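I have a structure I would like to understand better, so I am pasting it below and will then ask my questions one at a time.
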Amino acid sequence: DTITIATVNNGDMIRMQGLTEDFTAKTGHEVEWVTLEENVLRQRVTTDISTKGGAFDVMTIGMYETPIWGKNGWLVSLDDLPAEYNADDILPAMRGGLSYDGTMYAAPFYGESSMIMYRTDLMEKAGLEMPDAPTWEFVADAARKMTDKENEVYGICLRGKAGWGENMAFLTATSNAFGARWFDENWKPQFDSPQWKETLTFYLDLMNEAGPPGASTNGFNENLSLFQQGKCGMWIDATVAASFVTNPDDSTVADKVGFALAPDTGLGKRGNWLWAWALAIPAGTQNEAAAKEFIQWATSTDYIELVAENEGWANVPPGARISLYENENYKDIPFAKMTLESILSADPNNPTVDPVPYVGVQFAAIPEFAGIATEVGQEFSAALAGQQTAEEALAKAQALTSDAMEAAGY
Amino acid sequence: MATQHSRSAARLMMAPAVILLLGWMLVPLSMTVLFSFKKYLPMRGGDLGWVGFDNYVRFVSSSAFWPSVQATLLIVGGVLLITVVLGVVLALLLDQPMWGQGIVRILVIAPFFVMPTVSALVWKNMFMDPVNGLLAHVWKFFGAAPVEWLSQASMQSIILIVSWQWLPFATLILLTAVQSLDSEQLEAAEMDGAPVFKRFWYIILPHLARAITVVVLIQTIFLLSIFAEIFVTTQGSFGTKTLTYLIFQRVLESQNVGLGSAGGVYAIILANIVAIFLMRIVGKNLDA
Amino acid sequence: MARAVTNQRKTINTILAWAVGLLIFFPILWTILTSFKTEAQAISDPPVFLFFDWTLENYAVVQERSNYMRFLWNSVLIAGGSTLLGVIIAVPAAWSMAFVPSKRTKDILLWMLSTKMLPAVGVLYPIYLIFIKFGILDSRIGLIIVLMLINLPIIIWMLYTYFKEIPGEILEAARMDGATLKEEILYVLTPMAIPGIASTILLNFILAWNEAFWTLNLTAAKAAPLTAFIASYSSPEGLFYAKLSAASTMAIAPILILGWFSQKQLVRGLTFGAVK
Amino acid sequence: MGSITLSKVTKSFGEAQVIPPLDLEINDGEFVVFVGPSGCGKSTLLRLIAGLEDVSSGEISIDGVDATSLAPAKRKLAMVFQSYALYPHMSVKKNIAFPLKMAGMDPAEQEKRIANAAKVLNLTDYIDRRPGQLSGGQRQRVAIGRAIVREPEAFLFDEPLSNLDAALRVNMRAEISELHQQLATTMIYVTHDQVEAMTMADKIVVLRAGHIEQVGSPLELYERPRNLFVAGFIGSPKMNLISGAEAAKHDAATIGIRPEHITLSKESGTWAGKVGLAEHLGSDTFSRIHSDELGEITVRTIGDFAIKHGDTVYMTPDMSKLHRFDADGLAIR
Amino acid sequence: MGSITLSKVTKSFGEAQVIPPLDLEINDGEFVVFVGPSGCGKSTLLRLIAGLEDVSSGEISIDGVDATSLAPAKRKLAMVFQSYALYPHMSVKKNIAFPLKMAGMDPAEQEKRIANAAKVLNLTDYIDRRPGQLSGGQRQRVAIGRAIVREPEAFLFDEPLSNLDAALRVNMRAEISELHQQLATTMIYVTHDQVEAMTMADKIVVLRAGHIEQVGSPLELYERPRNLFVAGFIGSPKMNLISGAEAAKHDAATIGIRPEHITLSKESGTWAGKVGLAEHLGSDTFSRIHSDELGEITVRTIGDFAIKHGDTVYMTPDMSKLHRFDADGLAIR
């Protein structure tokens, strides 16, 4: 059979695309790839699944969509995968986030949390030493000290580009560390809380003093290239970035990178998120069996070994399986330990200091979230660009969130 | 020239085009109108029943609505202004005798061939990026701080990108019009004692009126619905959220089809207001 | 009767026009140049213009990742198919409007044009549902139909203006000579309007080629044209300027070359037949 | 073959009745010219006969057969248009062959007829050119060629020469006349050119506002116009029309005298007047003479006649050539 | 005021010399007509005088002052173009006012001049219309109006009537002539129409390939053409030119006799021939007669002359009107 797979244009997926032949050789199924940029992909698969279009047999989705879609009965359950697949090897945090009501609806291709990546040389030059679990206070102080705008070195690079998966992923996770939350138990938006104000003000001040120019349009990619070019002192972002910044082919600072857990403020929550890019099968596909075979292939330990064989252990998809972190070969990878620790320290079911009615660290797993958060993200981004104050941004965020929640019937 | 026979043949031959376009307009339109009166949330089980005018009220009362109308009109107006003014200047320049006119014309047309997505990507990444973009290098070369195009000057940047794409169109239409100006008229004005600038103002510009109308009409139709340029560059941030983009957010990001459909109906109404307004001025000016 | 012009003025014109032309063309030129650089050179500071190590590596990477020819072929079929289908439907309609005008002709024409103002995002759901219903999702024929419908008003309008330039007497002569309506259109009108039809085809081919909303949202793997191809190169992880440039160059090159070769028709086409 | 009869034919465009009920008989082999002021319905009438427009009421029969609702192609008429209406993308040969091809004629027979037409019209050397490569006169001949190959019952011409320059017009005029003599086919010819009408027609039909004012041979119309309109319309320069006391002397409401039938003298004559404008062509002199009683009178004198603006002159009309009209404008015989 | 002198003026476009060295004197108040075949340089010469083209060498002086390198607007000349070149977006009034506005004239004075021009040209009723709403003749008058308000030293007309129909042309011809009499301003007028040249000019300049063939009054040119070219060019229908034995009899290489100077008879005469085509206009009859010795001869007969195709007729030339030319084509006097 020929199966159509929609996927995102990240490095790990592109590598998978390159290894398709192995799958075809093993199973006899052909694969058609639809590789799209993340935003386009999301728009595309969402339209398709909600109209039951059936254009794809396998979709690459995240931890946000999976429970919502699973609840709607739009995805094929993956609980019946054969024993040799060893589903129990999947990291529990990942498996939990990709399930609804105890049923796994998507298999993690790779998982990530966020952590600090920092320049050991600059840290030294600033006369500081990075602890394994720093506080925001320390990070902010270090960032200001490392900044040297003359030479285009900026103390800290953080996401500023608007989008629920861009600045809002970072800011929501960070707000958790500051004790803020999206909604209270009655689904009432909380942007008017002092915690949010503190979060946002802290972020804006830090970025204005120690951030790169044009931060309000920087997302993962922009920050990655800044860091690779040696223009960032610290960067707090997805753990998968570690393999890029330590790859000497692309990075000018490959041998000067250290890692630490995302910072906290002593309230008991760290500002690190949890995310997985996972493969799921839309209900009603004609090629369910072949699709399942593909998911087994792509998310198995065999696949990890296949990649390791071809591209080296640094390039295997991380964060999905326990066994990877027990593998001797992988233990040598500098960022392996910190990645695992970050993942383990994130708890989607209990993300905030005060209780919340939703699941998800850097998001709330309700269908309305993406739309709301993107709009909120735009307000925050505008505040970062200096077009409005933190207060104004928060007020607008509160208004539009209330409005949208009301529209959705909460 | 019409006999009964040819008139009925004409009606028959118009039919396919008219029926197809009518279908193309009515079927999705009526579905959109239908959805707009419903609570339609695909992520929550789809059609959740009738809600009357709720979606309409909600859509206009949203804080994003009026700014989006404003942004739409600003982009359309800005691009029209730039392309028409520069188009006239360029058309006059290209009309002059010169060496390599054909090649220059090719250079000037080229942006029209570039897909909107590609042009937005190229401008955003390779030119307007505040660190690695070429414009940043140019600014630094002259000792200025690089402009953060897409955040600090977001509207201007989008207008710039879109104008770049549409300038060839305006230039060529206006060039054709300039070339059609009877040279005797200019000579007559010269004999009448009008110097260069007055010849432009009193003779050439009025002659271009019709061509300018065509440019305005066609471009407005296309500009009202620009999407890729915004999706790729700012995703609606920094005040660049047009009505089209707002609808996109409602339908696809917030997954509220009912609300988005109400927005769609508003967009159609806005487009038709603009259209009627245009047709009023254009209709007379245009023998179409 | 053009006035004779001095060489000095001609020189000034030439310099000015070339400067402006190059300025307008520069973004494209820069993209093409960048596509031959390595990623590191692509972002080097200060930027390099011509003196770098030319490499085809980016093209190799792009080709390895996605089957360019397949996207290209889909683009050609979809843009070509929709344009041809559009012309076939538009010719009779334009004939009617140009040669048997009625009081409503102008209204109908403007109405047709106004259908272009329907915001695509607003009707994505309805169209998607219709496509599912007819099973034409991710099929070339589906896209051909949609793009044809989108461009039909423009095609009709352009053909109408070209047809109107043709004297009705010639068609009457054909009628007197015993030609049926079909023969009249096929043997007399169409050949006479060839330059106009060519311009129409060319312009609409470009518009269809560059259409990015429907082509992206209604396709998956089988029918995806170059607009979908480019969507997999925008902002991946890591450095990508050179690869983006290569992909962009590949996406616009065919149409750029086509456009340049048929410049004359195109210039005529770009004016939508509306200005003489 | 070739007789055409119109009975009670009318034509309205929307509200406007362009042709009021009209009867006309055209005999086989006749050369009939329609003249009349612009907008009087000449082209409309021709197009009704051709079938390019439907009649609003009435009947057209060709060769005794009712053709009122026959398609143009079925009427066996050929038309030559003012703009020639050649097919610009076809060679001369293909242009001429087109009607034959449409009729599905056997190719060998086509070849023969085309060769024949080309010879008659002196087109053999240009047979492979496109219309764009031909001069005006040659194009006109191709248009005629396309008409004659079909061997139609009748030819219809709508101002076929008006796009040609003066010299060429004279030649083509002669050629068409010659053609008529050769083929002896019915021809209906629309023009607003005096000279064409006078020199080519067997029968002139003078139209005004869709109405037939007079039908007759050219000399009949010149010598015996039925009413004021025809009198003023036929002849160039126009007949001088005089009303008032002078006309009353001749028992008429209006009298008419053509410029060429007045003799001019500096010494004496019937009427006196002052020269307004004198146009000296060498071969003729046209003088416009203001007379207080008569108004403005145009006089043609053969050769050069030495007068100038302001001179007082005397005019003597040739009484035998005097036309008299009653109060309704009808000629008194 | 209003005299124009061209001395040794030449004009080349690139390699091609369109005007070889040329001298011409135009006196104040004269009506000068340039005639000549198409492409002979009439328009070019006019444009050189207007200043719309630069001379390649030579001098142009207006009113005794060297104007060779003066801008068109400074030469105080007004031009009326063949296409009228009206400004289509301005009303008649604005069109006429345009040169005054450009000169920065006081609005009250403008009003006065416009009103005056409108009255002279009968335009008062149309003063607020756009050119598109006017008939050809009215447009022509507006173009003239635009010229006269400036009160120029001289008017330049480039085939101003060639876009009008025959009847209108006759009227406008008279109007321009009248205007010249009223204003007594120098006028230079380009045409290729025989009749216009003959009836309007004080002085005709016959050009061939940029070269002046003859300058003189219309009757001079008609009666005493200096060479074959002028003889053939002036007069309509054209002079019959006969060479060979018959010419030798008169000690000339070629003899010429105008159609109107030959008498036709059915019985006897100097030359015999067969009627080819006879065109009966009522007022005149034009016959084309084939004679074996002489070739084809055109003859004009006054009134109706009853002959038809194929008749044998006899022609008698008026010997006093015979023109003789030598082998170089020059007239023998």
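The first chain written gets the first letter, and so on, giving A, B, C, D and E; residue counts start at 1 in each chain.
As a working rule, contacts are C-beta pairs under 8 Å (C-beta built on N, C-alpha and C of every residue); 3 or more make two chains touch, one makes a residue touch a chain.
Chains and their UniProt names: B = Trehalose transport system permease protein SugA; C = Inner membrane ABC transporter permease protein YcjP; D, E = Trehalose import ATP-binding protein SugC.
Quick caveat, the model's predicted, so the values are computed rather than measured.
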{"item": "Other chains in touch with both chain A and chain B", "value": "C"}
{"item": "Magnitude of the superposing rotation for chain D and chain E (Cα, nearest 5°)", "value": "175"}
{"item": "Longest centre-to-centre distance from chain E, chain (CA-based)", "value": "A"}
{"item": "Dominant interface by contact count, named by its two chains", "value": "B-C"}
{"item": "Between chain B and chain C, centroid-to-centroid distance (C-alpha), Å", "value": "16"}
{"item": "Chain C-chain E separation of Cα centroids, rounded to whole Å", "value": "54"}
{"item": "Rounded Å distance, chain A centre to chain D centre (Cα mean)", "value": "90"}
{"item": "Length of the line joining the C-alpha centres of chain B and chain D, rounded to whole Å", "value": "56"}
{"item": "Sequence positions of chain C contacting 2 or more other chains", "value": "1, 3, 43, 124-125, 129, 172, 231, 233-235, 240"}
{"item": "Contacts with 2+ other chains: residues of chain B", "value": "1-2, 132, 184, 252"}
{"item": "Residues of chain A whose C-beta touches two or more other chains", "value": "43, 47, 51, 225"}
{"item": "Contacting residues of chain A [partner chain C, same complex]", "value": "4, 6, 9-11, 14, 17-18, 32-38, 40, 43-44, 47-48, 51-56, 219-221, 224-225, 228-229, 240-241, 244, 250"}
{"item": "Residues on chain B engaged by chain A in the complex (per definition of touch)", "value": "39, 41-46, 58, 62-64, 129-132, 145-146, 148, 150-152, 231, 234-239, 241, 249-250, 252-256, 259"}
{"item": "Contact set on chain D toward chain C in their complex", "value": "50, 52, 71-73, 77-79, 81-83, 85-90, 98-99, 102-103, 146, 150"}
{"item": "Residues of chain D that touch chain E when the two form their complex", "value": "173-174, 177-178, 181, 193-195, 198-199, 218-219, 222-223, 234-236, 258, 260, 277, 279-284, 286, 288, 300, 302-304, 309"}
{"item": "In the complex with chain B, residue positions of chain A that touch it", "value": "39, 43, 46-47, 50-51, 68, 72, 152, 161-163, 212-214, 216-217, 222, 225-226, 231, 367-368, 370-372, 374-375, 377-378, 381-382, 384-387, 396, 399-400, 403-404, 407-409"}
